[in-house]
Every structure is written in structure tokens, then in C-alpha cells.
Amino acid sequence: MSSDSVSNLMKGHMESLAAEGKRADGRGINEFREVKIETGMINTAEGSSMVHLGKTKVLCGIKLLIGTPYGDSPGSGTMTTSTELAPLADQSFDPGPPREASIELARVVDRGIRESRMIDFDALCIEHGERVWMVYIDLHILDNGGNLFDCCTLAAAAALSNAKIPNVQHGIADEDVDLPVTCWPISCTFGRLGDTVILDPTSDEESVMSARLTVAHDEDGNIRAAQKGMNGAFTDAEVREAVKTARKSDNVLREALKGI
Amino acid sequence: MAGQTDMELIKDGVRLDGRKPDELREVKITAGVLDNADGSCYLEWGNNKIYAGVFGPMECHPRHKQKADRAIVQARYTMAPFSVNDRKRPGLDRRSSEISYIVSQAFEKVVMVEEFPKASIRVDMQVVEAHAGTRCAAMTAASVALADAGIPMRDMIPACASGKVNDVVVLDLNKEEDNYGQADLPLAIIPSTGEVVLLQLDGHLTPDQFEEAMDLATSGCMDLYKIMRDALDKSYGGKK
Amino acid sequence: MSSDSVSNLMKGHMESLAAEGKRADGRGINEFREVKIETGMINTAEGSSMVHLGKTKVLCGIKLLIGTPYGDSPGSGTMTTSTELAPLADQSFDPGPPREASIELARVVDRGIRESRMIDFDALCIEHGERVWMVYIDLHILDNGGNLFDCCTLAAAAALSNAKIPNVQHGIADEDVDLPVTCWPISCTFGRLGDTVILDPTSDEESVMSARLTVAHDEDGNIRAAQKGMNGAFTDAEVREAVKTARKSDNVLREALKGI
Amino acid sequence: MAGQTDMELIKDGVRLDGRKPDELREVKITAGVLDNADGSCYLEWGNNKIYAGVFGPMECHPRHKQKADRAIVQARYTMAPFSVNDRKRPGLDRRSSEISYIVSQAFEKVVMVEEFPKASIRVDMQVVEAHAGTRCAAMTAASVALADAGIPMRDMIPACASGKVNDVVVLDLNKEEDNYGQADLPLAIIPSTGEVVLLQLDGHLTPDQFEEAMDLATSGCMDLYKIMRDALDKSYGGKK
Amino acid sequence: MAGQTDMELIKDGVRLDGRKPDELREVKITAGVLDNADGSCYLEWGNNKIYAGVFGPMECHPRHKQKADRAIVQARYTMAPFSVNDRKRPGLDRRSSEISYIVSQAFEKVVMVEEFPKASIRVDMQVVEAHAGTRCAAMTAASVALADAGIPMRDMIPACASGKVNDVVVLDLNKEEDNYGQADLPLAIIPSTGEVVLLQLDGHLTPDQFEEAMDLATSGCMDLYKIMRDALDKSYGGKK
Amino acid sequence: MSSDSVSNLMKGHMESLAAEGKRADGRGINEFREVKIETGMINTAEGSSMVHLGKTKVLCGIKLLIGTPYGDSPGSGTMTTSTELAPLADQSFDPGPPREASIELARVVDRGIRESRMIDFDALCIEHGERVWMVYIDLHILDNGGNLFDCCTLAAAAALSNAKIPNVQHGIADEDVDLPVTCWPISCTFGRLGDTVILDPTSDEESVMSARLTVAHDEDGNIRAAQKGMNGAFTDAEVREAVKTARKSDNVLREALKGI
């Protein structure tokens, strides 16, 4: 039987399950997999975290370097996000230049942090127009079990919450202080399986779903970011419903983040 | 999306450029402006200026991207170096790559890709002057170019953003609103079914504001859809 | 019938026509196609032009930025020319890194402007050794109907003639002034069709011609640049004759340029 | 290998980190830590932290690298940007390329490549925290991951460096010793035959010191070999 | 081509290096200097120093460049980093790419490409010391290397520049003349037919000066042609 | 007969010869090919050399430029080594980005010079923290007859010994002085042919040997660098024996270097 036929069989099976509100791993359609967050394991990083979301594992390291600000924002620090889809994480990952899917992932995670103004960039100014802290968020995906969007966003939040500004090492101040964080955007990603919308898809579910919707809220229930992906569609009603579901469902991730 | 500005972007229900909150900038669309392309479009949306051109269905390169049971859409969004105030370096940066990718996927939903196995439909969008909202403008131009090329489609895809400035939900952000506003929500829909094929959001919206922004962007897409069909009618009329 | 055979038939037909002094589009062998020049359509550029040469359409934008001069010419501005063969201009254009033909085009246009000293680079010095104007000439080819060399050179000249130095915006002086232009090099490109040399080849003619010769003169009839291309040859007499023809034939382009 | 330092790196036979000259840093190895990889390993060696993952045997890409009569090993060594004090740019630099290349070749000696014509065995080594000796640590982790994946091998390859500090030949340089020492000699051997599959050397060694350094590195490899086998036993035991 | 200099480059009909206006710099050519190449040449032209090597006809890579009815010539011109006063970055820059491209095309006119369908003839030109006129010198060396390789050719291609300094038309610009002169016209011809296979021009020439420059460059090419044939005769003689 | 069979025949033949202590070109197993060193032929370089080792020919040019030191060594000059496998040197050399084998070659040569501290980098400081000499060693391989490692190392040593610091040109001092060299590391490369280890392999021998070992000593007989390559192995005894052999065999190269 060709791999296409296998894939079609799996697709049919998963869609039927979803239509009955069930999933292959026993979860409900709006339920997250088990989440586990550890922090501070990388001594060479200013902040670090390892997040397990089901079988997905992402290691995040934060580096804080001193640099010059951009000309159009002389009083603000800068931020760079990159995602490394390590070849050991997935058989299909090619080593080499980032592909479009990887660029989309990095940009969605980056925007979720940047545009929500999670980091107080103005507090990262050392000397106006001259020296600012540059925040590098490097996401190292070690095991791709699906839903990299939410796992990466969570890992970045956890590592940022763990990060210290290395004032002492650079002779800026007498003590290292926490990186200034203003809000906690948490993303929830949905997939469309047939006519059902499910939360937190596994990699098996991702391989047969037709559309993806990622929605991030802050701790006050305001929406901070969204991204629809893949070549299927959602109805207007599905989009609005997913946003409401996200507002309720992100609690489990939010609690895990508070627990660290 | 600075989100925290004292700048007054809307006063007494009137925006800096004189528009009401639910008003589009002026949109002018001309189909069939290029000779070599199988279909093409020139679009002005406020001060945005965009060319779109379509080739195909044609053999898909590189081969390993071919799909046995359908065509793929290879959309490419680029900005000319002179399209912004600071010169932009030529070539595909990460922002352009992401837009190209999500636009390609949105079009695969409406183009009858199953009719052309192994083929590619190439959609090129060239932004030659940019003033906020270029991804929606480029997608809109691309839809018209696809129709001009006679590529079988379920429908065209109008694309339009809503957003928030000074805590007011508004349609179609201009450059100042994009720079100093509080949220931006680009949306592309299939008018005949109401399905959402592209949705992005940055910024800050309360639950109610999100509902309002969705309503506004959807209604903007429907207004735009009429302008797109008029442009094609005019083009077909002109060709007769 | 294979595309090679079609191409051979077309080649034979076009060569026969040319031998009789005729062309597929009704022009004489030393006649330019219709030329149309518009300027100033791009507000984000310091200068801009759109040139139609038959079906060929090229959009040119000029950007003027402030930068540091090269060490070996501390009192001179700089110039960079790039050509973008937009995928929408030609079915055969691959997106991706510039190919050799595109590099040749950009370099010939660049040299035609640079080596003729069309721009008065010394007048672009703001502060000796410190700050100069950097001129960026970006040629965007929107429709390839043949003879990109002449259309690009003309578009660059038109956009340069339309460009203003943005003194006010950068606080350099109280008013914006015209970019200083010293001469007007105009190029004429010839193709060899069989044993006949024709002016301003279309893309159909380019696909069957064996050799190309581009010659640029200034308004005083002095030759400023030349480039022979493709894997055919010209006789010595043909080269000298083409140069003379160029001197006469560039008037139609020169008039179009003056008319803007 | 500054080679000319006044820094006292060893005093009365005791090194800065308290080790004796012939002592390894602590090495902790866990096999089978990743789900997607066919085999995997997490290794801590002093403060070095490394993940290794193996896929294969699988079809070899790109095709022109295929060998008609055997598999090839495509090893890839990279350092995470946050693995060093100054942020490292992501991607393969020239140092990583060289290490990837010589490690690939070393493994082709022990993997039963002749059993899998045209195939590729992919070995990925990710250094997530680096404190000197990462190439040996990464190779060691890769051996365990290959065994965990059940790839047929003649033997595993322990890899360990010896070196010279303050004119004393020592085993397994730490970061200070690597920066201010006089020589570094990474060595990888096949324990069952004693064959050398990787050897590099930088610095300054007299003929006698070279002999001593070879002896020390070889003995370090044998100590390491035991730790590797214990980790695999524990992993197999755990799986039962 | 500064074109506007007060520098006296020629005085009483004598140039800075003592040459008359119509005189070539000294040219020394040795064929067959490399072992691996199918044909090779070492050329000194004034202080320019160039190696050329030829392989082929051989299978053409990449495949999509193959021509069904003829061979292609893949010429490659590069300058060594140490060939100029300021170090040149290694690799093909845009200038080298253009020269490689037009030189490839020039040789396709004289090599009997129709005898070797689908094949490639690789011509590598390495400039190891540069003092103006290197593209002509490299082409000349390549012609000799092609002949040395026994590649069937209609003729060799001598290449030589003329130019203008202090309003005088001169042959074969040296470095100062190239930097401060008024025009440069590199020319390559087929001696047996007089056909022009390469022609470039930068600078400023009146109509009469252009005619004179063409005459002078052509005569320079013919002088060079004799030196090329002598070098080959000597090489064949030496091989007997 | 396939090229694999030819190669297998050649392999068998060469291994048999080697087992008897003989080689295809008549040399003994621990004998270098004829070596010839010339220097100073490139006037645009601060130092230059051409080394012939049998049929292998390598041209090396040294450029000395002024630049800023690295932050972690403000009082030291810098060094960059690159190898260019010119397409004319070998039919199998692809033009294009450096392949892994070429990177290994450049890095081994570079380390041999850098880590042995052959160049006195501290003497290359012009102004502490501000200006230092940057040494560029460019190795141009013109003919690949095998054993590029030793030929490149020798060419670099010869060119460095020939290099002058261009003080006068840059107004640093009144006269140009020799580049300060502290020791003379010379490398010897061995190949394993069947069960025999041979010195200085030709390209034919390289194509059938299973492992490579490069060892560099200074003039005092201390080992300075080593690198094992290829997917075969050496016994521990072979490695130690090769190191001893290298110490004796490098004399012929050392004499050639002194003779220039």
C-alpha cells in the first residue's frame, strides 16, 4: 500500500474520531497534552528553559549582549528570535538554510513576544543612543511531536522569566537583575481535522489536518497575536469560537509557567 | 504597533487622512497591464503601488516540489528597494518569505489545483511603493491577475486589514496608524463562503474589540470584492 | 514539431526578412520601437521613471542616502546599480540569485553611467572624507520585450534627471536641488540576424540572433561605452558601421528624454 | 594553546578543578532521551552538555553522495548559539564543518556500512553548553546514540583528549587548561583493536611527552568506554 | 578612467614606461606548464602573471547547461587575493562573473563546439599578479592552453586593449594609464577572418579616435598572435 | 571494465608494491618526492613562494594589511589562511563553495602555523588595542599531484620567510622589516596502503589509500601539530612510528627551505 494510501486511511480515521469529539491519544478536542517546564539548566546562557509538551521538547537559551540601538529607537533594547530545527528532532528536517515553514515559526514566535511588548524594551537602555541590551532568544527544537508554535512560545516565555541581566560581568551595575517582563502572552494552536477544530495537535494530527490557527492572549484575556496557516480554511464562526476557547484553555500552560 | 503613544490618530470620528473609521483608502485596479505575463494587474491602494503577474499552469520547478495529484501555487512577494523611505536591500528577506508562504497557501484553497497535477502556478507580486497594508494589497492584486490569466478559481480572495488606534477599531490602517496604532489584523476571505484563508494579528484587542475588528475587516473585504469585479468587467469589456 | 525545429524555422524566417531590410513588426533595420517615458511616479524614491520601449517596460527608482566615501576618493559620492529581473517580466526568469546574463546587464548599464561620469560625483560630497551622497539606481524590469540594455540605460537616465537631493529632510541645506548631471549617454543596441545587423531587437529577435553590440554616445557624439555580447561575431566593418548608425539613431531616444 | 603563560594551572599535582593529572571530569550518559530519533543520547561531561540523535539507515540525500557498495555516515556537529559565553552565530562554521567531516569518517570505520549499500546514517550532535573537549564529548554521545538506534557496529568509539599544562601531561583539559595550556591531543580509538580513528594535535610536545600523552588519552578512552557501556546497560535494563 | 587628470602620462611621444604609443608591453608565453590539465599556459604580460588550464571535452555539469547539438565553453576568470595591492576577497565577484561570461561566449565562436554534443570544455584563468589588461592577457593565455590541449579550434583569439591618455590614442594601457587615462577598449579578434569576438569600451572617444583605437587594438592583436604561435611552436618543438 | 574495477586493480597493485617496500614511482616508502622552492615572484604580495613537490605545485602569497585587533587579544596581530583549489589544478575540482576536504586542508595548514606560534603575533602590534598587522596567507594550488597538506604547509613557511612588513608604504617606520618568525614547523604526511604506511603519497596513491596522518615538527624535533584523516585507521604503534619517521624525514624539506 502506498504511503499516500496509508496517509489517507489515517486521515479518515482521525477525522472520524474528531467528529465524535475523540482523539487518537485519548484527549478531548480542546485539551492540551501534559506540559513540563524546567529552567536554568544552561550556565552559559543568561536565561534558559526546557519545555516538554507531550513528546515535543524545546530548549530555549537567552543571551544578553551589549550593542548599539537602532537609529529610530535610540532608547530601546533590541530582540532577535531564531528557531533551530535540529536534525535530530525530526527525520524529515533537512540540515541547511531555514525553509519557509521554519521562517514562519520563528516569525510568529518573535511577533508574539515583540508586538505584545512582553519585554520592556525601554528598560533595556543603558546609555541613550549609545548602548542597549540586545536580547537573543534561541529556540532549539530537540524533538518534534507536533505544535511547535505553542511549545516554542512557552519555552521563550519561561526562559525570559528566568533571565538575569549580567550587569556585574559588564560593569554596568552592582548586581544582576531580572529581565523586565510586562505581560505573559500564551499561545494556543488549533488544527482543522475534517470539520472539527482541535487544540494542540500532535505531529500525526498535523500531517493530516488542513488548516492551523494560533491565538495568543495575555493574562488579562486580551488577544495579542494570531496567525492562520496551511492551505485549508476556517469559517468565520470557527475563528471566533477558537479565540474564546483559547482564552479558557491557556490556563493549564499559564499555571505551569507560574509554577517554575 | 507601538501601542503606547500620545499621538492623536483619530478625532471626533475622523482620521488623520480624513477617513471615517470604517472607510477604505481609495483603491484603483487595472487588469492586463503586462504583455509577457499570462495575467497581470496594477493596483493603487492609497499610496501603495503594486504590480502582480501570473504564469501557468506550467511545469513545476524544482521537481521535488511537484505534487502528484494537484498543482502548487508559488507566490512571491517582494518590495522594490525604492518602495520605502530607507532603501530596502534587494531580495527575499524573512518577512517577504513568510508573506510569500502564507499567500501561496491561501491561494491553494481557491485555485482549482486538482485540475493540474504536477503543475505550478507562479504568482509574482512586486510592491513598488509601500505605505502600510501591502500584503493585503498584493494579495488582492494577485487575485485579479489570476482571474486575468484565466486560471480556474472557486472565487477571488479580497484581503483587507482592520486595526485599533486610540482605542477605536478602524478599517485599513494607513502608515501613521500602522506605526503608532495598537493592533493590526490582516484578513483574507472567500466571499462566496465567508471562509477565512488568511488571518494575522499583532497588538492588543479586548474580546469585544476582536469581534468588532473581524466584522469590520470582513465588510472591508466585501467592499473590495466589488472593486475587483468591476476592474475585471472593465478589462473584459475593453478586450471585446 | 520540436521547439528546436520551431526555433529554427523562426530563425530562418527572421534572417530572410532582415536580409531584405524588413522585420517581423514592420520596422526598418535601424529603427527604434516606440518609446514612452514617464517620471516621478514613485513618491518614496528621490527620482523615478517608467520607460516603455515597444513591449519592454522598465521602472527605475533612485534612492539617495548619506554614507562615508571610499578611502581612495574621499571627496566623491558613490553609485550602485542593480537590475531586478522580476519573475513577472518573463516566463523564463527564475527567481533567485542573479545569473550571468543579469550581471552583464547591470554592469553594462552601471559602466555606461559611471565611466562616462554622467553624474558629477564630486558635487555629491557633503563633508570631505566624512559624508557623501550614495546614489542607488534600482532597475525593475516589469515586462521583457527585448533590448533591456537600451531600455534600462534610458530609464536610469530619465530617473537621474528627475532626482532631487533631499537636503531638507537630512538638514544639509535649505532646499532640495537637482542631482548634478554632466552629460547624457544614450545606448543603442544592435543584433546580428544572419548576415544583417539590426537595431533595437525584440525578444523574438534576441532568441535567434547570434551576436549583440551595445554602443553609448553622449550628446556631443562622442562614444562613451560599448559592449559586444553573445557567442557570435561582428566583422570589423560592421562594428564601425554600427557605431556610426548609433550616433544617428539615438536621436529618437534623446528627444524622448528631453521631452519629460 | 597560548603556550606561554605564567598562569599556574597545576600545583603539587592538583589541577584548578581539583583533579589529578590522569583524571577525567565527571561523565554522565543517558541513552534513549528523544522520541523521534531512532537512537539518542544526552551526555554531560564536566559542564559540557550534548544531545546526539541518529536516524537511519535511510535513503541517502543528495543522491550524488550515495555509494554503490556501502552506506555513508553523515555526521553533523553544531554548537547552540547560547552554548558559549559570547553568543555563537547559528549555522555551520568552518570549525564545525571540519569536525563534522572527520567525525563522519571516523564512524565509517566502525559502522557496518557494507551492509547498507546506497544508504545514509545520519548522526546529529548538538552541543548546548560548551566548556572545552566538546568534539570528544560529542563523538562519545554519538557512539551511544548509534548503539541505542541498533545500528550494527564493530565497536563503539570513545573519544578523549590529553594535553599539556605547565609542562605536565594531563588528561581531559578543562576550559582554563584549554585556553592557557601548551598542547591538546584529542584521540578516538576502537577499544577492541586499539586502532586510532581520530587524532588531532595542536601545541608543543617533546617526543617523550607525545608518547606520554598518547598513553594517557588511550587510558582515558578505556575509562570512558566503561561509562558508555554502563549507560547502555542501564538503558536496556530500563526498557525491559 | 578618471578622464580628468593633470597627470602627464605621455610626453614627446614617450609613455611613462618608455613605450611608444603603438607598442605592446613585453609578452612571454610558455605552453604546457601544468601536469594535470589537458592543456595549460603561463603568460607574463608586462608585470601581469597568469596561469590558464583547460580540461575537456568532458561531460557537462550541471546537466541543465548541456546543449544537445554542441559543446559549451565554461570559462572562469579569477584573481588571486594577492594579485593586487589591496587584498582581493577570494571567489567570483560580479566583475569576474561578467568577464567569465563574455570570455566563454567569445571562445564558443572559435572552438569546434559542434563536434562535441552535450560536452563541456572547461577553461580556467588564474590571474596571480595584476597590472591592467588582465582580461585580454587571460584570454590570450586561454587560447594557448586550448591549443596545447589539442581542442579543435578555427583559430586562436589574441586579445589586446587600446585606449586614450592625454588625448593620445595608445596601445595596451599600463596600470597608471588605466587609472588616469581617458578610455579603455579591450578587443579580441579572429586573426584569420578579422571578426570581432570581444569588444568593450569605457571612457570618452571622439568618432575619429574610436577608428584609430580600433586600428591600433587590431594591430596589437596581430602582433600578439605571432607571439602566441611562436610559443606553441617552441612547446611542440620541446616535446619532440 | 568499470572504473571501480580499474580502481580495485590499481589498489591491489599498489598495496602489493608497498608491502614489498616499493612504490610505483620507484621511491622508498619513507622518501619524499623531489622538492623545489622559489620565492618572491609576486610583486603585489608582501611575500610569495612557489613550491613543487613532485608534480604538485602550490603558489602562496602573503598580504599584510592594517586592521584592528580582536577584543580578547588587543596586543596581537591576526592571521587568516585560505586555500584555493583552482579548477585548473585537478579535473575533479568543482568551482564553487569550499567543500569539506578543502576546509579540512585549510584548517590543518592554518593550525599548523597558528598553534605552533610560528609567527610572533605580539610583534605585529602597531598600537595596542588600535592597530595591528593582519597576515593573510593565500594558498593557490595550481597542480594537484597529491599530498597538498605538506606542499601547502611548506609553501606557507617559504612565503612567510620571504615576507617583509611594508612599514614604509604605510608610514609606520623608516624601513620594511622581515616578518617575525619564531620557529619552522614542517609537516610530513603518511598514507596507509593496505597494511603499509607510506610517506608523501601521490594523487594516485591517495585515491586508493584508506587513512592519512599528518605530523608537523619544529626544528628542535618537538611535535607541533597532527591530524588523522579519511575513514580508515592506524594502529597505535603505527602512529608512534610515523611520528618518529617524520622527525627524521622532514630534513629534506627543511634543507630546501633553508636553501632559499
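Should a chain be cited, it is by its letter among A, B, C, D, E and F, assigned in written order, with residues numbered from 1 in that chain.
Methods note: contacts are C-beta pairs under 8 Å (C-beta built on N, C-alpha and C of every residue); 3 or more make two chains touch, one makes a residue touch a chain.
In this text the structure is predicted, and so the values were computed from the model without any measurement.
Steps from chain A to chain C, minimised over paths through touching chains, total 2.
Minimum number of contact steps separating chain D from chain F: 1. Chain centres were defined as the mean of their Cα atoms; on that basis the chain farthest from chain C turns out to be D. Chain B and chain E have Cα centroids separated by 52 Å. Taking each chain's centre as the average of its CA atoms, chain C and chain D sit 58 Å apart. Put simply, the C-alpha centre of chain A and that of chain F have 49 angstrom between them. Between chain A and chain D, the centres computed from C-alpha atoms are 32 Å apart.
None of the residues of chain A touches two or more other chains.
The residues of chain B never reach two or more other chains; the list is empty.
Contacts between chains close into a ring here, every chain touching precisely two others. One full turn of the ring, starting with chain A and passing chain B second, gives A, B, C, E, F, D. Taken in their complex, chain F has these residues touching chain E: 41-45, 48, 55, 57, 59, 61-63, 65, 82, 84, 86-91, 94-95, 136, 138, 140, 142-145. Interface residues of chain B facing chain A in the complex, by the touch rule stated above, are 1, 3-4, 68, 94-95, 97-98, 100-102, 104-106, 108-109, 185, 189-190, 193-207, 210-211, 214, 218.
Of all the residues in chain A, the ones that touch chain B in their complex are 4, 100-101, 103-104, 106-107, 111, 115-117, 213, 218, 221-236, 239-240, 243-244, 247. Taken together, the chain E residues at the contact with chain F in this complex read 34-37, 40, 47, 49, 51-55, 58, 61, 76, 78, 80-87, 90, 92, 122, 124, 126, 128-130.
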